Amino acid sequence: MAQVHLRDVVKKYGPLEVVHSINLDIADGEFVVLVGPSGCGKSTTLRMVAGLEGISGGEVHIGNRVVNDLPPRERNISMVFQNYALYPHMTVRENLGFSLKIAKQSQADIDKAVDVAAEILSLTPLLDRKPGALSGGQRQRVAMGRAIVRHPEVFLFDEPLSNLDAKLRTQMRVEIKKLHQKLKSTIIYVTHDQVEAMTLADRIVIMRDGHIEQVGTPLDVFENPVNTFVGTFIGSPPMNLLDGVVKGFELEFAGGTRLPVPPGYATQDGQAVTFGVRADNIMPVGHALPRGEHMAEVEMAVDLTEPLGTETLLFATLAGTEVQAKMLNPRPVQSGERMTFQIMLDKCHLFDAETGATLRT
Amino acid sequence: MASNLNHRVRRYSLKGLHFFGLFTAMMVLCVPGLWIVLNSFRPTVEIMAKPPVWIPNELNLDHYRAMFSGIGEGGVPVLTYFANSLVISVTSTVIALLIGMAGGYAFARYKFNFKGGMFVGLMVTRAVPGVALSLPLFILFARVGIIDTHFGLILAYVALNVPFTIWLIDGFFRQVPPELAEAAEIDGCTRWQAFWRVEFPVARAGIASAGIFAFLTSWNEYALASQLTRSTTSKTMPVGLLDFTSEFTLNWGGMCALAVLMIIPALILTFLVQKHLIAGLTFGGVKG
Amino acid sequence: MNRLKLPPWLVLLLPAIIILSAVVLIPLVLSLYSSFTSYRLTRPDSIFNWVGFFNYEKALTDVKFWAAFGRTVLLLTVALNLEMLLGLGLALMVSKVTQGQRLLRTMMMFPMMFSPILVGFQFKFIFNDNVGLVNNALQSLGLTDRAIPWLVDGHLAMFSIIFAEIWTATSVFGILILAGLYAIPRDPLEAAKVDGCTAWQSFRYVTLPFLMPFIYIAMAIRSLDVARAYDIVQIMTNGGPARRTELLWTLIGRTGYVDARMGYANAMGYISIFLAIFFTIYFFKKLTQSRKELGMGA
């Protein structure tokens, strides 16, 4: 197992710079997820670690080696690809054993390693089939099996679950997590799905436009987003954002609606700010929010409801902006019904209106 | 780090090797042709000079002038040959395309018994060597009385090209999802309209490249033409090349000039379709 | 309306079937018949002179025929294999280029635009012992001071023919294999890199299996096209010197047209047709098989 360090890593395609001087330290055995919208540079970063893309600037360390110019085969890594990248002309057994065969291991060793991997991923009955005869989930497992037979120092996953249907994705997510607990290996995992990131990661790296926006544990990035981008990207439904102006100890929104400034934020009178609140922290009165001291109440008309069973999402309009709220003990709600909502102010966020950066002190 | 450096050095030396190999290959591929072009502009004395003249002293259009005015040795009627070639190649290509479109569509869209066998059967007709075909075809055409006519050669070339156009066009139609035509039919088209308004335009580029391939085959064909043509009424350019040879001598310069005339249309067409051609051969081959 | 209703696919295929029957099938039947007669062009009524298998027996016991047959198979084997290897190399080199690929592709296809007969003349000219490009170059570079008889010496003539043949057809392989290289999914190649393959190993275990269908297509197309070699050989040496480069097609052509012994020529023609069909079907079989390997069913 090994640590991975990125030092001022840059990727350029001609004059176009797509990854801007990234720094990241990944500890031995850590499960790190790179997440961000498409085109944010997360896959490129992963591929630079793999050695599939050249590094335009900076250094990549795996273990204690600089690997910038090493070809992938000398980096002691393995990778699971989005489209599985199975070799169509080989059986599952040959696919699994291929890297060991290339490394000139004895047939007995190869067979043993393949059997162990097949056992872990319950692939044993499929060993003599070709990839064309497998279902999506099975192919996915073969791809993972191929990665684990080598006992690499670092596992790389490039959106491995995005081609699976929703149910299978949940199932494979659990399997990947179990696998990590069993192998205790360093994993770098790329996804655009924030749910995957939250559920799998020891630490999440949120990227946008070739920059790292925030690095932290899932709870940390959820509770303390450094800017509006992270706030809206992590968590579902996305955080509600309202533009307002600080008036003394209150925020004033369009149409004159006022709310107290949330605790823990430094503001100046007259400052333009963005107020952020998650649907979980804005609920109709009487729906499980504890009565605390940092509470505010607003009245809104409900435009639309989305019943999800255990809870119902309410779409309402506050100060001219659509906001989503949650109802934990669902009851039928008429469209246009006016309700009083409570906002848990100590769970709310304030960002600079211009830069989007958090104003937390 | 040493191994990092090693890999960098290897990468650069491989790059150099790659460039050198590519350069050599392209030289071998292009020089013989360019030499023909060069010689078409040089006086015969210089072409035949001994010791050789490497840097041309004089370039002129004499061979072309001789060729077009028909006053060269033997007075080769190049323009007539050119016209024959053009008429025969274009007509046979258009017919082969129409037949190929019908056949290719049948293979791409309908299911029927012995489809695989039929396909191989079509292909095998192409495997018959031209010279083996030219003998009986000569006898047959002589009987019917279409030796030395445009019609006879057009007929032969259509047959020569049909298997290949079917193969290519089949591949292109397969790339067009059947839902497109179905949608058009639901929108009120007849099957016939759906074909011409939806499927044909989508596959058009590929069909065009199949056409150009057929054109080049007809344009360059010699084995059949040399037997089925006799006089200036139907001789094509490849056969015409032989007019520059007599029993003991060869008019290289004149021949080179005619060669250039033959290559130019082929060059233009090939450049236009090269990309589609690759795609077409790929579909036809891999998607079976 | 009481006319016969044919299934649509048959209607669509009918024109192709009719024209192929008229121009290929009927002549083939005719030639099959005449191969059992002593038909001579000069004596038309000899077509009714049935001689049974005489022509075939004669061909099969004729040393000249077997020599030409052997030479043809040799030429096909050597030329097809070399073309495949060179085409593969060419395609790999072109595919690695980042800029100017379109230009390179066109240059690569340059020989394909040449009429085979033109290729024949071109190489007759280039290998001419007196004023040809090759000898001129060798002499000017001081590598030799005599005129090497490229087309006059038996072995050299065969070499020259194979060279010309390879020059024309390597691009066919190159283009098709290039198409194959473009069609290879990127992922398995990257997976192979990560799995520890060297460049050679990725090529051997991943690229090559993916390319095999394309290589067989090229082989099939080329073996369909072998008749091209007739034009080249006829112009360059016409089977000479002293029949050292006689191939089946030149032998047939000479027997049929020059000696006017059509019956005999057609018998030999049939044998050569079976040779061509054998090669074609063999490569089609291989193609299907390698496709199946890749899980690309029809």
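In order of appearance the chains are A, B and C, and numbering begins at 1 in each one.
In this section, a contact is a pair of C-beta atoms (placed from the backbone, for glycine too) under 8 Å apart; a residue touches a chain by one contact, two chains touch by 3 or more.
Chains and their UniProt names: A = Sugar ABC transporter ATPase; B = Maltose/maltodextrin transport system permease protein MalG; C = Sugar ABC transporter permease.
The shown structure was predicted, so the numbers you read here are calculated from the model rather than taken from an experiment.
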- Query: Most contacts: which chain pair?
  - Reply: B-C
- Message: Based on mean C-alpha positions, I'd like to know which chain lies farthest from chain B.
- Response: A
- In whole angstrom, what separates the CA-based centres of chain A (Sugar ABC transporter ATPase) and chain B? 56
- In angstrom, rounded to a whole number, how far apart do the mean CA points of chain B and chain C lie? 15
- Any chance you could list the residues of chain A (Sugar ABC transporter ATPase) touching two or more other chains? 71
- Task: Would you give the residues of chain C that are in contact with at least 2 other chains, written as numbers and ranges?
- Result: 296-297
- Message: Considering only the defined contacts, which chain B positions touch chain A (Sugar ABC transporter ATPase) in the complex?
- Response: 1, 3-5, 7-8, 11
- Quick one: in the complex, what on chain B touches chain C? 18, 21-22, 25-26, 28-30, 32-33, 35-36, 47-52, 54, 98-100, 102-103, 105-106, 110, 112, 116, 118, 120, 122-133, 135-137, 139-140, 155-156, 158-160, 162-163, 166, 216, 219-223, 227, 237-238, 241, 250, 252, 255, 259, 262-263, 266-267, 270-271, 274-275, 277-279, 281-282, 284-288
- Query: What does chain A (Sugar ABC transporter ATPase) use to touch chain C in their complex?
  - Reply: 50-52, 71-73, 77-79, 81-89, 98-99, 102-103, 130-133, 146, 150, 156
- Query: Can you name the residues of chain C that touch chain B in the complex?
  - Reply: 7-10, 12-13, 15-16, 19-20, 22-28, 30-31, 34, 89-90, 93-94, 96-97, 102, 104-118, 121-123, 125-126, 130-131, 133, 136, 139-140, 167, 170-171, 175-176, 178-180, 182-183, 213-214, 217, 220, 223-224, 226-227, 230-231, 249, 252-253, 256-257, 262, 265-266, 269-270, 272-273, 276-277, 279-281, 284, 287-288, 291, 296-298
- Message: Please output the residues of chain A (Sugar ABC transporter ATPase) touching chain B within their complex, sorted ascending.
- Response: 65-71, 74
